[in-house]
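In the two complexes that follow, chain A is the common piece, with chain B as its partner first and chain C second.
Let's look at the complex of A and B:
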């Protein structure tokens, strides 16, 4: 992505990131040359199917990839001037939860069942800030109240099993944001919640992003969620970024054949009563990706040369990058 | 959706253990829930109170026992138990009164047969004066719970070959035999949790090395290992040293199985999202092991520990019975049974087996109590 694409310097820059998993069956190239920027105050959504490498990208940013079997093979993750991949573990621990926080998919299991909510949030504060326990507790209750938990003083003394799923996710968000990080990585934060709670949580994330002036990296497979909150979108397929665009741009003019196929497989009002379209074939095995373009085995406009050349991200329109050289000519002829 | 444990409000439970159960929504800690479930299990509660009784008897052994554990009486070797028909409430004249015993005469020196000397009666006194001791290792006292006047001697459970009171020795012996279990389990559980926690969480070569060590210890026959370890410590030692060595030996064997199970639990707990969430908040690995992972194994550990206490009690018994544990004149339930290795003693003076009853009671009680704890800690049983 070109530097002039957005105002100001990016908060986080990822350059040619490669995270491989060395398994007994071979090397899984889960993240293979991913680059993107996150700018201050924006919500960047990363979408893709299961196994496309979006969660591994998030875990790599956090430095939480389990080291055997995983390994970061190369690239840079620049937070300001610091390359997170070069930081020693102790310095990285100070970044986690303080500069970059993460919220997970499964609120039911993301809180320690034997510690009270207030305790868990207080400990996160005490880990990074030089405050007294009393002060930490006060801040925890304040934060619980901010994320919309009613009677936070009482809830702070409750155990996770006493809270509903939506409440737990709110508590998780409180815990992640209590040290005011600059970047929040939300890994499918609403997947496990029912639809009404889902939009409440998304609204909450949006409000907090504005209030705390932070950026959000939203990992999701749900294009509805993307439409609701994202400013920009990265589409990943088989460990690579295949498209990057502003959210309106992407929804109106999807460039990459994969993105188009994704949109076609969504239920829509125009095609009521018809069977949903599916993308033919399966997600390729990460141990054995196709040569050249990794989508070519399922691509409706694939050509012989797709097998030999690795498509690069090209600027199909201003601030709209697509990793397919044929997207403009084949796209409309569906 | 709001699945919580607050709607317990059990009507039949009148005992009301946790203090503030007035409001409709009660914040119960996991421990309170455990206790509530345990409280309803009558058998387990009976076992618990039996254990409390046994341990109280051991702690207050010097007050409750009429004699010291080493008070010999050469003229009363293998005195039969007074409890077997030698406590009277009706005297020669047919008068009823408080319980008393007669003095005893050695009727047959060779077979150690004692007859009652009806010339004088010795009432059993409560709070009788006797030998000096320090209550709770601190307060000097001479009063014992009960006793008879000199020159008579009370042998409720009979006497051993040196004329020592078996009841007194059982009470004193309980101090050793029962505490071995608690101290031993504390040591081996700590080691087991630490080793299992480290192996499970850090994985890789650390895990491999530690688990091979565990397997090595588990593979050796434990009695053989006990004897090998015991001989390596040499022969001349004070009773305190011996006591510590017994605990060390038993703990050295006991931690391995705990470590192995803890490792398995840690392997599954560390994949839980709250552990990853804790990492994402910047906590160190050791903090996560100690604060998040091991405490979540605790309910299991407590159950296992409770169920393994009998291993230590029986281990001490075995060591002392074989003569490599607690040494005379110190009493332990195991070394008291040493006398039963002599077949003639066993057949003629079968009361020397009484410590076995206490071993049985203690082991049974620990097992039943542990079973109850396991049921209470199991979230699948209804609350």
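Let's look at the complex of A and C:
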């Protein structure tokens, strides 16, 4: 579904979310005032480099941030009329798997090695649905078959180590979707996979999204993957959203100096052998983010005032938000 | 196949590496993992050969065998004419001064108890390149600056650095002995996009300045394309295609290469997809399919493909592919990456 068609009521609304980690070295403001909506039926990609807060955002939505050292310092996560941050853990357990599910980057570490695949999927069903064990097993096998696992009856009785990386990721997806959630959060679901297997899994996620009429929140660092599957994109840098736009808009008219720099640092297929344009320096330390705009220390168009004012997301074009007051002043020497 | 007239620095012929599988109370060899089946290639002076393929295809094993960090089972490796596999350990040490490696994981490849000065300086002392302690420190400082690190970092430990900085230390260590040839084994794969670009640029600059040859092993085809002069594509222990970089992208001749290129996610949204879906997974190297190893997933496979392993045949200048159905390759769609590459080279 396109962003235009989805302009109705959001499925999930995140408002001014702040998740900090209290470490012995200080406070890491990993997610610091993040707001965005996910609409029914869309794939929203969250992109950014390591430490930008994209995974912590996902874990906060799922209520899986370890406390301590983590703590949600403020904000709202609205699923319909409910604020997930105010729900007791018992109610959150009903939300997880049932309304919102998650698949992780490492299928090897997120499956239980001592339980069969079928048993793990059945447990998810029995947790949320009033069915018999026999029925749960039948549903598990049906789901394994739907995610493209050959001979699912046999595979259901196998253990995770007997499956290849791609098959494990399929089994993870089967487990996540067996209760038909409205939102699937996929945290780097293909990063650990080979490129030919990656394209199989991306196609599968896309098909299932249409079939189950669910939304997908895709967390990734790979702009190629974003272009393949996303409808809309959120770009994060140092705990903040710096840009948000429809996928075509973002790729054709990136607004924020960080987004532009990120695109220019990709090795392109059209221009080989030329030196890549780089973003100088490193991603800032979450314990010690720069004041004002957090990108200013690496930004080609930074001005003195960037150190003192915290840039807000402003509508640079319809449905295209950019957190930089100077984004129209160049800095995009392509 | 290197350019005519270019001097081959590294020549690898029929390289094989099998790992025996032992079973039972009194262990007996019951089979072999054929990590590298039969691989031949050359790298010319100051050239970059990209070696690509998916996990388990044997590309890393090839890189390690070339340096004899792993002893190959068979075949020959010649470096500047010398037979690397016949060298004694003392002679090998002399050669290691000329051949170096940069590893993927900048976290596990640096000794956490050694300062930068020790990590980078030890090899210089070992090879007697620089004699006095002061001279070593001097040279390490110079190298740090050359790879883009502050020279004051010389007494720091690895944990004080970010991933990109550690990779720079790894590069400085490889450069310390002034090598002519470096194996870059997934050297930028663990890095963020913005840092990856910095390291790729650094590797290109160093190649020009120090006249280095690279064997650049990676799974990311856009990265390999950016840095390589030529590319060899591996599948399950064998090279299936080898060509100049532009040639390989513009006219991939092997069905596997075509499928691989079509699976690259390209940062162009809402394009028409020209996917060549490959069924299933890479077979196990313990029991590879007979004949062509790719036939179990190949959309062009016929019964004939099971009979014999197809040899690499020359199909154009410096362009070789191993497939008996090369004439039918255009039954598969041209990958989007190829159309971009063709536009780019115009």
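By our rule, the second predicted complex is superposed on the first by the 323 of 334 C-alpha atoms of A that agree within 3 Å, B and C clash if a C-alpha of one lies under 4 Å from a C-alpha of the other, contacts with A are read in each partner's own complex, and residues count from 1 in each chain.
FYI, a contact is a pair of C-beta atoms (placed from the backbone, for glycine too) under 8 Å apart; a residue touches a chain by one contact, two chains touch by 3 or more.
Treat the numbers as computed from the prediction; the structure is a model and nothing was measured.
Trainee: For A:243, select first, second, both or neither according to whether it touches chain B, chain C, the two together, or no partner.
Mentor: neither
Trainee: With both complexes overlaid on chain A, does A:188 touch chain B (first), chain C (second), both or neither?
Mentor: neither
Trainee: Any idea whether chain B or chain C touches more of chain A?
Mentor: C
Trainee: Scan A:282 for contacts with chain B and chain C and give back first, second, both or neither.
Mentor: A:282 sits against chain C, while chain B stays out of touch.
Trainee: Once chain A of both complexes is superposed, is A:93 in touch with chain B (first), chain C (second), both, or neither?
Mentor: First partner only.
Trainee: Please work out whether A:49 is in contact with chain B alone, chain C alone, both, or neither, and reply first, second, both or neither.
Mentor: The answer is second: A:49 touches chain C but not chain B.
Trainee: Which holds for A:158: it touches chain B only (first), chain C only (second), both, or neither?
Mentor: first
Trainee: Jot down the residues of chain A that show up as touching in both complexes, chain B in one and chain C in the other.
Mentor: On chain A, the residues that contact chain B in one structure and chain C in the other are 164-165.
Trainee: For chain A, which residues are in contact with chain B within the complex?
Mentor: Against chain B, the touching part of chain A is residues 62, 64, 68, 93-98, 101-102, 104-106, 109-114, 123-124, 127-128, 157-159, 161-165, 172, 175-176.
Trainee: Touching residues of chain C toward chain A in the complex: what are they?
Mentor: So the residues of chain C touching chain A come out as 54-55, 162-165, 192-198, 200-201, 204, 219, 221-223, 225-226, 245-246, 249, 259-260, 262-271, 273, 275, 277-278, 280-282, 337, 340-341, 343-344.
Trainee: Within the complex, which stretch of chain B touches chain A?
Mentor: Against chain A, chain B makes touches at 1-6, 27, 29-30, 203-204, 272-274, 276-284, 291-292, 295-296, 298.
Trainee: Can you list the chain A residues touching chain C in their complex?
Mentor: Listed in rising order, the residues are 49-50, 150, 164-167, 194-200, 202-203, 221-228, 230, 247-248, 250-251, 261-263, 265-273, 275-279, 282-283.
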